[in-house]
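The following pair of complexes shares a single chain, chain A, combined with chain B in the former and chain C in the latter.
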Partner chain A sequence: MINRYRWWEYLLIYLGMAVLLIFILAPFLEAFLVSLRPLDSLFSVPYRFVSDHMSFKAYVTMWQSVPLLWRYMLNSFFVAGSVTVLGLIAIIPAAYAFSRFEFRGRGLLMGAFLSVNMVSGAVLIIPLYKVMQSLGLLNSYISMIAPGVAFVIPTGIWLLRSYLVKIPKELEEAALVDGAGRLYILVRVIIPVALPGIMVVAITTFIAAYAQQFLYALTFNSVNELNPLPVGLYQFFGRQKVVWNELMAASLIGIIPVMLLYVFLQKFIVAGLTSGAVKE
Partner chain B sequence: MSAPAPKKPVDWFPYLLLLPALAVTLIIVAWPLAETVRLSFTDASMNPVTHYVGLENYQKMFARRFPEVIGRTFVWMVFSVSLKLLIGLYAAVLLNAAVPGRTLARILIMPPWIVPVAIGVFIWGWMYNGQFGMISGLAQRLGLLSGPFEFLAYKNAAFLSTVVTDVWIGTPLVAVYLLAAMQGVPRDLYEAAWTDGASRFYRFRRITLPLIMPAIATMSLLSAIWTFNSFDIIWILTEGGPRNATTTMIIDTYKTAISRFHYGEGAARAVMIVIFLSLFSALYFALIRKLSSRGDVK
Partner chain C sequence: MGQLKMTEVRKTYGTMEVIKGVSLDIAHGEFVVFVGPSGCGKSTLLRMIAGLEEISGGEVAIDGTRVNDLPPVKRGISMVFQSYALYPHMSVYENIAFPLRVSKMPKAELDARVRRASSILKLDERLRHKPGQLSGGQRQRVAIGRSIVRDPQVFLFDEPLSNLDAALRAEMRVELSKLHGELDATMIYVTHDQVEAMTMADRIVVLDGGRISQVGSPLELYHKPANVFVAGFIGNPKMNFLPVTCLGADATGVTVELPGAGRLTLPVSPRDGIAGQALTLGIRPEHLSAEGGDLRLSLMPKVIERLGMQTVAYATHGEEETAFNAILPGSAPARAGTPLSLGLSAADCHLFDAEGQAFERHVALSALDPALMMAASEAG
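Entry: the complex of A and B
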């Protein structure tokens, strides 16, 4: 057995972890404390973590100050969900093609998909804006969903492909011998077997799509009812007098769904992240 | 590598499978990219009539202190990426230690990356508030600051503040990735070294570090690319201010094209970004090729 830690090594490790986690979690803790404090005590010096009259009042009043909060959250879910579903429709067959077939331009196409990861939406925003404008798609869900789909495809293909290559070919060969069509094989043989891999892709896609909802919505959409949470709340952030306790309360409520998703599915997510960062 | 070679001269099935992904990528990425290049040679704006103006946009851009923006972008990126790697490595080492509670710590490190970027940035916006925010408040209580300090109002402070927030959001992914690489190091290597009496630090320096070098190199480049593209954080915190102190190339492009409707000039800036990104990507693919030929990456 390899040597154990001595007591001071334990101490150092835990101390190190504590420092790290303070950096990571302090903002969330602060956001929570701010959401509990009345405005006049927020705007008082000197700074205190805890003040008198702490209450959950902001969590009640925010529904009046941010009347569309529900809408924003639903929009966020709808946009991220649509990106995930549409993304999977493109990702699954493409990943299957890359994992099983030898065809001209295979390496080139894979490279092309991967280089999409290098470009950000901000670079393409000008022509996209003009296209959305000319197609009358500004201020629509599509203008927020479509760019999202394009940017989740490369990583999705990469992730799922590495999962699909591990599925034994004998499975398809047997089905082929039984006279099954190739599309039928994909839908009825491969997809059921690959379901765990597809789950990983779906979850990482959803989380990525949920986290990145700022730029397109900010640029392509000006209808408040369609705004996803980040842009919906950004309007309140941008004001001269920011109602910080309500903003923090709304932010925290807004992140609960993804946090829950993360807590329950963190194994999948970490698996997706670590194999996602291009490991050929 | 893959399945039995098709007998027919051209098998269309794989292309058919790729069709949806290709179509989306062509419409949303490839075509706009080409269009950006075209627009960069025009005077496109809100005005429906546009003309080709040759290299005018590029000339104008460089006349307007564009090199300064490039330099700032790189400094911002270098600061942010090196901090992410350092803290990420530090975190990975700790999370890899065989102590009780590490599973919990591994879970707790992810939230900045999971939460919508914009929302994390709202919270930082409050923390940087000079009058009442946590950082200024704590620094005053500890006697580090004599009075309120508005972090986002001064050039250097704003620059560093945006870096810190970017590091906060980007570090978890780096940490988890490096942790995965560390877990891939064969245990018997450590045990052999331990039998030879090698200290823990020596084992880290001579076994762990060299073996995860490929992962560190890969992550540095990927992280550089993502950081170069970073928009939300700077836009929400400072919109590129104060006095352009945080105007990176992406922010500059957005301000020119979307805020001021100079599509042509904005496109020229976007083309410059693409050129830099292609350089990074070329490096990245070269690195991947080199690593896989050495058998480091599987």
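Entry: the complex of A and C
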């Protein structure tokens, strides 16, 4: 296909991208600049983005002002990781079933999952609190993980199902003819072939879980040691002042595990992994 | 042994009947080809034999055992798909070994079997590669390799060569025929390509709208098509049909009148009370000749294709401009737009009644049986 734009079309496209990127990246840049500046110069009037005596000191002192910072980061990672793993254990077989089997109520069930998708966790937070309380699960990791898992499953199923329906039926039929059972086919054929799709789901699930946990932790947990990073960051809010530079430094460091995971998982999203399977 | 028997097999999707009662016996070691136009139910029939499609009615038996409710692997069949259906994440070795891994075969025997299959299919050099690194022909060979490691009794092929280019297809046809000789197994092969059917089959099953139209050896179908459908399907370009009127019949044959061309007595078995009926005469393009013949026809060529070895004339006949094609020698002086007079012999003609059923032709057996053909030519 010939796909040539005129110069002003290019200009518009790049302008659009630039605006979008500025919106997304500006907060990161500002957070980074704030983390480098001494606390006293943060409130200068007029506001300045750059000031004297910029240093990485906050990245050292934050570990002393909030001694449990590493623990919060680990908690965040642990909670989001658990949500992802548990979520996938439910999502993969469910999405496979939805993509392959005709059964009564399939459409209804898919619709139900979609509508659950539309309700955010925040709406259900009070009833959920009641449930957690009566189950005696408050102040535990489970209280943060369980609702997280519940809310990532519908999205995950929809995402993965659309990937699985594109895997040719013949691949399974060939395995079936060769004597493989459904579970064997799922583990040895479908999951490896669907790996790129599963990784996409894993990444979106992890990010969603990472973002969600703030709400659940704030509501269901009051044990300091179990708090994830977003809640732990409140420790930087002192009695008199907020330690903004350390807060920003901690936020940025808290993002790093997510970025690392992203880079690591992205390797698996190889385009054309299915090439050579069938000829369309 | 790979003996297969189908009795009144039917398949319905909802209210639509796709296979309308197929009965067929296939002997061990036969190479049977199901052929027919797209959508006639070939794949469905094959998939019912494989166990991938439920059988709505009738019975499929392999070696005398009813297999209607058995899973594919218990039927002793293996299948090769048109789209290859290779596992993209596994090496060629693992693809071929897959059925053996499923059955948990000991390592040493598994290795021996995979090596044997790969050497038969000339894939030894490729065992470490992934399917994505192979050419179309190699991929199809891997798919065939995967189907032969289990030593099945019946091989099922669903248009395995359709995705290959013409040269490779011709090559693979020969290889498949060779493989059939080496393996001593029954093969059932589905194709819409009559050349594949004619070249590979011991017996051809022509399907038409979910019914068997005719079963026979390739030459039998060519010389004695049972009806208009088979006559039109086998042969390329297809047989020409002309409406004729029956004048009468006796022991030597049936005499018909071709409108505007004359009379002809065809050597076919007569039936009672056909005088005066409207019949259809069939003549293959390759049976028309520039000179001689019992009757001459005037055609108007529209397009001339010169293939070197022969010339194909796409022409029309008569006032109604019925399509009428002829195959002539390579140097035939035919030109588009210039009327052409061609001769035909009564012995080459086919005759069909109003329902499209053929009158039995008097054809020498030596024309039908390759073995007799050889004997005849040696004697003569």
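Here, the second predicted complex is superposed on the first by the 227 of 280 C-alpha atoms of A that agree within 3 Å, B and C clash if a C-alpha of one lies under 4 Å from a C-alpha of the other, contacts with A are read in each partner's own complex, and residues count from 1 in each chain.
As a working rule, contacts are C-beta pairs under 8 Å (C-beta built on N, C-alpha and C of every residue); 3 or more make two chains touch, one makes a residue touch a chain.
Only a predicted model underlies this, so the values are computations on that prediction, with no experimental measurement involved.
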{"item": "Partner chain(s) touched by A:L229 [first = chain B, second = chain C, both, neither]", "value": "first"}
{"item": "Touched partner set for A:V193, first chain B, second chain C, both or neither", "value": "second"}
{"item": "Touching partner for A:L171 - first (chain B), second (chain C), both, neither", "value": "second"}
{"item": "Which superposed partner A:Y184 touches (first chain B, second chain C, both, neither)", "value": "second"}
{"item": "Chain A: partner with more touched residues, chain B or chain C", "value": "B"}
{"item": "Intersection of the chain A residues that touch chain B with those that touch chain C", "value": "273-274, 277-280"}
{"item": "Residues of chain B defined as touching chain A within the complex", "value": "1-3, 5-6, 10-11, 13-22, 24-25, 27-29, 31-33, 35-36, 39, 87, 90-91, 94-95, 97-99, 101-102, 105-120, 122-127, 131-134, 136-138, 140-141, 148, 168, 171-173, 176-177, 179-180, 190-191, 194, 200, 218-219, 222, 225, 229, 231-232, 235-236, 250, 253-254, 257-258, 263, 266-267, 270, 273-274, 277-278, 280-281, 284-285, 288, 292, 297-298"}
{"item": "For the chain C and chain A complex, residues of the former touching the latter", "value": "50-52, 71-73, 77-79, 81, 83-89, 98-99, 102-103, 130-134, 136, 139, 143, 146, 150, 163"}
{"item": "Residues of chain A touching chain C in the complex", "value": "168, 170-171, 173-180, 184, 189, 192-193, 195, 272-280"}
{"item": "In the complex with chain B, residue positions of chain A that touch it", "value": "2-3, 5, 9-10, 13-14, 16-17, 20-21, 23-28, 30-31, 34, 42-48, 76, 89-91, 93-94, 96-97, 99-104, 106, 109, 111-113, 115-131, 146-147, 149-151, 153, 157, 165, 169, 172, 182, 186, 207, 210-215, 218-219, 229-231, 233-234, 237, 242, 244, 247-248, 251, 254-255, 258-259, 262-263, 266, 269-270, 273-274, 277-280"}
